[in-house]
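The structure's right below; bear with me while I get my questions together.
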Amino acid sequence: MARFFHTVLALTALTFAVAPPAVAETSDPVADATAFRKYFTEKFPQVKLEDFVNGAYAIDEAMRRQWQAIEQFPPYEFSLETGKEMFAQPFRNGKHYADCFPNGGVGIRQDFPYFDAKEGKVVTLELALNKCREANGEPPLAYDKEEMAALTAYMAFTSRGKPFDIKIPDDPRAREAYENGKRYFYTRRGQLNFSCASCHVQTPGERLRAEVLAPALGILNAMPIYRSEWGGMGTVSRRFITCNSQVRGVPLEPQAEEYRDLEYFLSYVSNGLPISGPGARP
Amino acid sequence: MASSIRVRAISSGDLTEVQVLIQHPMDSGFVKDGKGEIIPPHFIKELTFEHEGKKIFVADWGTAISKDPYVKFSFKGAKKGDELKVMWVDNKGESDTTTAKIQ
Amino acid sequence: MTIVYNGFRRLILKGGITAALTGFCNIPLGFAPARAAANDKYPEGAFTTKNQADAIRMLYGKAAEPSDKVKLDAPEIAENGAVVPISVGADLADVTSIALLVSDNPNTLAAFYKIPAGTMPSVANRLKMAKTSNVTAIVEAGGKLFSATKEVKVTVGGCGG
Amino acid sequence: MSMIQVGHLKSTLPLALAVLVGAAVSAWAASSEADFKAAYAAAEAANTEAGILRNQWTVTATALAEARKAAEKGDFDQAVTSSKEAEALAKASIFQAIQEKEAWKALEIR
């Protein structure tokens, strides 16, 4: 019966959430990114722009101290080392991950996701890694598991400090992917009727249970992350999936088009902020 | 196989600061897995540090040490280039040893 | 600030990998030095006791006195009970051991550190905390016991440490 | 349930509430296996539709599982109640998805 009551609550909340009809317009990604950055820098005037990549630790001093204690010898170090070994290990055909990427895969994290004109879709780093494996006759890795996290951890690590450089080519399909990602970010879902923005735009810095919510600006720069709550590493895919379940929404399949578009949007609006992954988070 | 032990030992003046991180599940025996079955305890009980054959720090650990445990301490009497031996043994009798150079 | 910090992290990782290269796996511990004193034995009983006073008695055979010479650094609110960074230091001479206890964990004793002469009376580690609880540090110095206690709030429990 | 009917939900909260009240009231009378099957099919259909909208709720799946479990035990009163609850939840998730087609813009940073 408790859930029955919740249903009524959820419906009531939905009714009150009815917004005045918004004017339909095509958005301007450059203006979006400027507004996004302005929103967060005005909300947290004491936080330096490049420090937003450290999530809640940029905002909460007590948490920052715990984090710094943990960063003295970060728990993602083992994963990072595994990732480095995996990256160097040749496939059975003798080729390497390095052969699939520009610059041998080193220092390129900031260029992902990108819009692939040939396929007409957004390609994330995780997707590119599995495409590379499949092109070389290897089975794909699970998107939400530790091996994928280890590989992306290593690739992020070699890119630390490089600013996100996401491009939206002059292609209506790329623009549409960006728009879809933006819509996904702001759309309320799950029984709790939360959007990504409910937590990471409207209430960052506040506590949800014990966790201090991270601002959306720079949130993907730290990926993948070691979460104490998981006792292990998680990819962008894993983070999106858990966010969905936490608001009691059924997650989409990893690397679903919606998730890739969301990553495209979120990365784009954090352009200029440095890659800081792998990160450690509660 | 890579060691389960990562050591950072940095000498500064007379003092050497030692930090280690060990890859170990540190299962307490109080946690259930996805199927609702208790994960049996599996944790490091003793961690020993030796410098020139002398024990300089011994940690006795129970079940409340975090997964992938970390410890930091400092000691006197070592210099750069000296070797530091680190060894652990857990409740199942498994163990690992490594030797690190003080930097 | 951040640039310096990133550089710092990059540096320390390199250190970790270098040290790792010298590692060996699963070499049995057959060579424990003969110097072993009575208190070198793993205090099995103290580690499996629920009650804090009992654990302290089993460990030392006496009780500890609160002292401001024991410096216990623990967060007021743990960001996650699974990993709570805690450190202890002491302004005391002749320190021979440091113990850490979490009063409301299933087993109260978390760690017992033996401090030989020449080793600083200071240690940092990461503990699991099942719920909000007092954390107590006990420093043994010159045969006497001194303690400090601090409450750590835990809202996301650390799996029943 | 068709998309057209869902369209009504968007503008009429009372209808959504009526579904819920119906769920509560139906538990008063003893239910048969046929009642369960009908209620369950309706709930599943609504949840499938939520799936097409890419907006299912985890709690709907939980209520559906509870309904199946109760039916297996022969407790059809409970099975019907859980099915109706699942249906109400699924409909609420459909309502949410349709609502958000425009409402999301209210949250946008500009």
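Things to note:
All chains are identified by letter, namely A, B, C and D, in their written order; residue positions are counted from 1 within each chain.
Convention: a contact is a pair of C-beta atoms (placed from the backbone, for glycine too) under 8 Å apart; a residue touches a chain by one contact, two chains touch by 3 or more.
All values reported here derive from a predicted model rather than from experimental measurement.
The greater number of contacting C-beta pairs, out of the two interfaces B-C and A-D, is seen for B-C. Distances between chain centres, each the mean of the C-alpha atoms, put D farthest from subunit C. The centroid of the Cα atoms in subunit C and the matching centroid in subunit D are 52 Å apart. Centre-to-centre spacing of subunit B and subunit C amounts to 12 Å, using the average Cα coordinate of each chain.
Centroids of subunit A and subunit D (each the mean of its C-alpha atoms) stand 31 Å apart. Residue positions 12, 16, 20, 82-84, 87, 124, 126 of subunit C are each in touch with at least two other chains.
Those residues of subunit B in touch with two or more other chains are numbered 2, 6, 8, 21, 67, 70, 72.
The list of touching chain pairs reads A-B, A-C, A-D, B-C.
Those residues of subunit C that touch subunit B in the complex are listed here as 12, 15-16, 19-20, 22-29, 33, 35, 40, 42-43, 47-48, 82-84, 87, 102, 105-107, 109-116, 118-120, 122-130, 158-161.
Subunit B contributes residues 2, 6, 8, 19-21, 23, 67-68, 70, 72 to its touches with subunit A in the complex. Considering their complex, residues 3-4, 6-8, 10-12, 14-15, 17-22, 31-32, 35-36, 39, 182-183, 186-191, 193, 195, 197-198, 201-202, 245, 248-250, 252, 258 of subunit A touch subunit D. Within the complex formed with subunit C, the subunit B residues making contact are 1-10, 15, 21, 26, 28, 30-31, 45-46, 50, 53-67, 69-77, 87, 89, 94-101, 103. Chain contact summary for the complex, subunit D toward subunit A: residues 13, 16-17, 20, 23-24, 51, 54-63, 85, 88-89, 92-93, 95-97, 99-100, 102-110.
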